[in-house]
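Several structures are given next for inspection.
Next come two complexes, and both contain subunit A; in the first it sits with subunit B, in the second with subunit C.
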Partner chain A sequence: MFITDLRKNFYDVVANQRVALLVAADIDALCACKILQALFHCDQIQYTLVPVTGWQDLSTAFLEHKEQFRYFVLINCGANVDLLEMLQPDDDSIFFICDTHRPVDVVNVYNDTQIKLLIKQDDDLGVPAYDDIFRDDEDGGDSGNESDEGSEPSGKRRRFDEGAIERRIERQRAKREWEARRREILFDYEQYEYHGTSAAMIFFELAWVLTKDTKDMLWWAIIGLTDQWVHDKITHMKYVSDIATMQRHVSRHNHRNEDEENSLSIDCMRISFEYDLRLTLYHHWSLYESICNSYYTACSFKLWTLKGQKKLQEFLADMGLPLRQVKQKFNSMDITIKENLRDVIEESSNKYGMKDIRIQTFGVHFGFKNRFLASDMVHAAAALLESTEKEQNDTTDNFIKALDSLSRNNLDCLKAGIDLAKKKLIAIQQTVASCICTNLILSQGPFLYCYLMEGTPDVKLFSKPLALTLLCKYLLKAFVHSTRNKRCKLLPLIMAAPKDVEKGTVIVVGIPPDSETSDKKNFFGRAFEKAAESTSSRTLHDHFDTSIIELKTEDRSKFLDALITLLS
Partner chain B sequence: MFCEKAIDLIRELHRMSDGQLPAFNEDGLRQVLQEMEALYEQNQADVNEAKTIGRADLIPSIKLRHCCLLRNQRCIFAYLYDRLLRIRALRWEYGSVLPANVRFHMSAEEVQWFGQYKKSLASFMRSIGGKEGLDITQDMKPPKSLYIQVRCLKDYGEFEIDDGTVILLKKNSQHFLPRWKCEQLIRQGILEHVMS
Partner chain C sequence: MDPSEVEFLAEKEFVKIIPNFSLDKIYLIGGDLGPFNPGLPVDVPVWLALNLKQRQKCRILPLEWMDVEKLEEIRELERKEDAFTPAPSPYYMELTKLLLNHASDNIPKADEIRTLVKDIWDTRIAKLRLSADSFIRQQEAHAQLDNLTLMEINTIREFLLDSLNCMYKLRSNLQPGSTKGQFADY
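What follows is the complex of A and B.
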């Protein structure tokens, strides 16, 4: 059931209890977890934090902890599946689920006792009405009627027979109709997968209601929201309206800055609204590198072609930026150039067809040297979360590192993350360039398909879901810019990359088509399930996003064929 | 040269200046005591000779040996006392049960001394702080909060805290627990205090 008053029905309930936090492995969940941890520290609520990366992890963690905890808080996992059936908990376990995955499973919505959803109901949920899906009194009535009829004396039974048979046929027909309609409603409801309001924002609102919100928590909420935008989980409209909500909180926290006499020390954290360039990590890199490796500019200029490179040089010359300055580290660029940089770039990029080079976002600065944009932090934390640096790195090790990098006093962790993010972006850009130039993207009819061979450089980076999704997004955008085929521009993309060479598995990701007004609804979850069933391929639907699965390499071709027939 | 062995004992302790307890150097101590005995005998003989025969030229050597004896005595006292101070610090660091390798380095008398120190510390702690006494070996620095956030570095298994609840300590899980229960595990290196 949905919880509207988070303070009364969630926070006060767990106030004197011990709680288990099961947190999924994405940045929004990490931010939400940090906010909740800070709140728990304030009120000394004892908790245990366990990172989970998939459904199997979740089940194992639950089994291990169910003896000791009664209250479980699940962050960014658990809403889109029938949780009670999967975990089989005891009757007194209570689950608080704060998840951005939609659609929320109907059992979770209509369970009144054990499952509490910390989800805003004005998110367009479209949950079917109770009576359309559940009908538990009718069956009892049916069997009761029949047994009644059976116990009547045999003489009377012959007389009532025809009427009774007719009524029974009528009831059965109505039941079949109801069931068909129910299947249809559920199919429509569960067909598309999408994401709702950021979990970090929901917990920040809880903190605000408790008046325990701090600038750190506000910053984490902003990072959570930006993560949804960077990894393409929400529509642009929703992003803009959520930014407006956050802007209200930011101005509320910033009112002290305006007082000239008692202004804050330079070491205090200051969050500011920025209408900044869409160049990833440009403050921590050189401007040239950032333009080359941000997907927006790289795709608009088509930097994998020679013509594109020339256009870039033209663009820089048009703005009057000398190459030597542009290739330097951003912080060492000439101050006269840096002053009007954003406006100059916006003007020039309008001429080259890039209308949205600027995006609304937030930046933070504390101390003289440390200035970060929200998207910088998202990229750094995501790179740390999925780093393949050390061979034996446990996913939980990476989780802890990424969690640490979000705190203000772990700046070297953050800087390491930024370096990793740069490497990741360069790798993505090179892979995109090679895929487009060698025409690795094939149109299979209802969708586009691309397979990364095992020997591709940096292919290990792409065995992780977030990195592969980012690559998918950039590749699709680049493909749309480079192809002449009008029909192909509207197709979704499925990408496969080797995940584990010894076990012989690949990871398969599907993303919806790239368009301006896309509502980011992804139907590949159900499609993958059906295709796997029909070909009995050995698949593992372990990830919380149903559009990301693992598949055995040998079953790849028959799985694809099944998908093609399913979707055409 | 006289007193060299005594200086060796001191140097041994000085080498381990971070409070570690080296093994009790019984051999060295015995050698120093033997040297002292030898010096004392010689001195006795010389004093008797000086008194009876009246040889005044023996007096400087008597004085020299006497100084050496005093020096040796001072070195041995310093050695034994410094060891006792280190053992006392061990009680505050490790608690009342010492790890086996440390106990191996103590002599029998030192073990006895440790037992008596433990007893007197315990009776002192019982006498202050009301009925149950106050454990002053906890919280050596004033704590900032009742509960601390800890991260588990190795798989440990189940851990019971005061109110009976059991926590499963798995690698890389984080917990928010009462400070006094965690200190023991932090010292053992199983948990790590996370400051955020």
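What follows is the complex of A and C.
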């Protein structure tokens, strides 16, 4: 069931209890976790933090902890599947689920006792009405009547039987119709997968209601929202309206603290609204590198072609920026150039067809040196979360490191994250360039398909879901810009990359078509399931996003064929 | 004595806070505290104030001497005089550090206060060093320094005592008949 009053029905309930926090491995979940941890620290609530990367992890974690804990808080996992059936908990375990995955499973919505959903109901949920899906079983009543009627004397029985048989046939027909309608409703409801309001924002609102919200928590909520935008999980409209909500909070905090005479210490955190450039990490890199490696500019200029490179040089010349300045670290650029940079770039980029080079976002500023944009933090934390630097993939270590990088006092962690993010972006750009130049993207009819061979440089980076999704998004955009075929521009993309060489599996990701007004609804989840069933391929639907699966390399071709037949 | 021990003693000083919760009077071994009512100022020791601030249950009000003009006056006075002037508080250095690290958003002009307190500290320590230097050089028997705080005494304590011990050993070795080329060992 949905919880409307977060404070009364969630926070006060767990106030004196021990809680198990099961957190999924994405940045929004990390931010939500940080906010919740800060609240728990204030009120000295004991908790255990368990990072989970997939359904199997979730089940194992639950089994380990079900003896000791009664209350489980699940962040960004668990809403889109029938949780009670999967975990088989005892009757007194209570689950608080704060998840952005939609659609929410109907059993989770209509269960009144054990599952509490911390989800805002004004999100366009579209949950089917209770009576359309559930109804009391009347079969027992029918068979009981039949056996009673059997003992009647024969004359009366015959007349009675006719009426009874007709009624029975009527009931069965109505039941069949109802079941057909139910299947249809459920199919429509569960066909597309999409995302709702950020979990970090929901916990920030809880903190606000408790008047325990600090600037740190506000910053984490902003990072959670920006993560949804960077990884393309929400529509642009939703992003803009959520930014407006956050802007209200930011002005409230700034207004409370700033005063002409009593100005704040330089070490205090200042969050400001920025209408900044869409160049990833440009404050921590050189402007030139940032333009080459941000997908927006790289795709608009088509930087994998010679013509594109020339266009970039023209662009820089048009703005009057000398190459030497532009290739330097951003902080060491001439101050005269930096002052009007944003306006100058916006003007020039309009001429080159890039209309939205600027995006609304927030930046934070503390100490004398430290200035970060929300998207910088998202990229840094994502790089740390999925870092493949160490040979043994210790997910818990990476999770803790990524979690630490979000705090203000772990700046070296954050700097390490930014370096990893730079490497990741360069790798993505190079892979995109090579895929487009060697025409690795094939049109399979209803979708585009690309397979990364094992020998591709940096392919290990792309065995992780977040990195592969980012690569997918950039590749699709690049393809749309480089192809002449009008029909291909509207197709979705499926990408496969080797995941585990010893076990011989590949990770497969599907993303919806790239368009300005897309509603980011992804139908590949159900499509993958059906295709796997029909060809009995060995697949593992372990990830919380149903559009990301693991597949045995040998079954790849028959799986694809099944998908093509399914979707055409 | 360890500087952290001095800081521990400094945390017993009282500071005014404005809590946002309510609690009846609490009876501790060191004294009674409270009662706490939201929005009404109450005096509590610094250790409790910092704990409540970190749990976001109160707002700390700046101490009366933590004011830019007052500290500027004290700094000027300190620079003029040769002897030590009375310090703003017997634990001024520790309190500044604690309060400005944890509650700088409640204290106006925190950066300037930090700079001023550091200036005062530097001046006083320079005077202390000068006086210790002249004490040892002129081999005085006793000295009197007023208005020193525990933290300042603590910085010079070990060095001064050690050097006086050395001097004593050197002096006693010069007495005839005590040694024949034997050096005191330490």
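The working rule: the second predicted complex is superposed on the first by the 544 of 568 C-alpha atoms of A that agree within 3 Å, B and C clash if a C-alpha of one lies under 4 Å from a C-alpha of the other, contacts with A are read in each partner's own complex, and residues count from 1 in each chain.
In this section, contacts are C-beta pairs under 8 Å (C-beta built on N, C-alpha and C of every residue); 3 or more make two chains touch, one makes a residue touch a chain.
This is a predicted model, so every value here is computed, not measured.
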(request) Would you mind checking whether subunit B and subunit C clash or fit side by side on subunit A after the superposition? (result) fit
(message) Quick check on the superposed pair: does A:S272 touch subunit B, subunit C, both, or neither? Answer first, second, both or neither.
(response) neither
(message) Looking at A:N16 after the superposition, I want to know if it touches subunit B, subunit C, both of them or none. Which is it: first, second, both, neither?
(response) neither
(message) Looking at A:D43, would you say it contacts subunit B, subunit C, both, or neither? Reply first, second, both or neither.
(response) second
(request) Using the superposition described at the top, determine whether subunit B or subunit C touches more residues of subunit A. (result) B
(message) Quick check for you: in the superposed arrangement, does A:E64 touch first (subunit B), second (subunit C), both or neither?
(response) first
(request) Scan A:T396 for contacts with subunit B and subunit C and give back first, second, both or neither. (result) first
(message) Contact-wise, after the overlay, does A:T214 reach subunit B, subunit C, both or neither (first, second, both, neither)?
(response) second
(request) Report for A:S407: first if it touches subunit B alone, second if subunit C alone, otherwise both or neither. (result) first
(message) Quick check: superposed on A, how many Å separate the nearest Cα atoms of subunit B and subunit C?
(response) 6
(message) Counting contacts the way the document defines them, which residues of subunit A are shared by the two interfaces, the one with subunit B and the one with subunit C?
(response) 41, 44
(request) Show which residues of subunit A lie in contact with subunit B when the two form their complex. (result) 18, 34, 37, 40-41, 44-51, 64-65, 67-68, 394, 396-397, 399-400, 404, 407, 409
(message) Could you list, by residue number, the parts of subunit A that touch subunit C in their complex?
(response) 41-44, 211-212, 214, 257, 259, 261-268
(message) Residue numbers of subunit C touching subunit A in their complex, please.
(response) 20, 55-57, 100, 104-105, 107-111
(request) Can you check the complex and tell me which residues of subunit B touch subunit A? (result) 145-147, 149, 151, 165-168, 170-178, 195-196
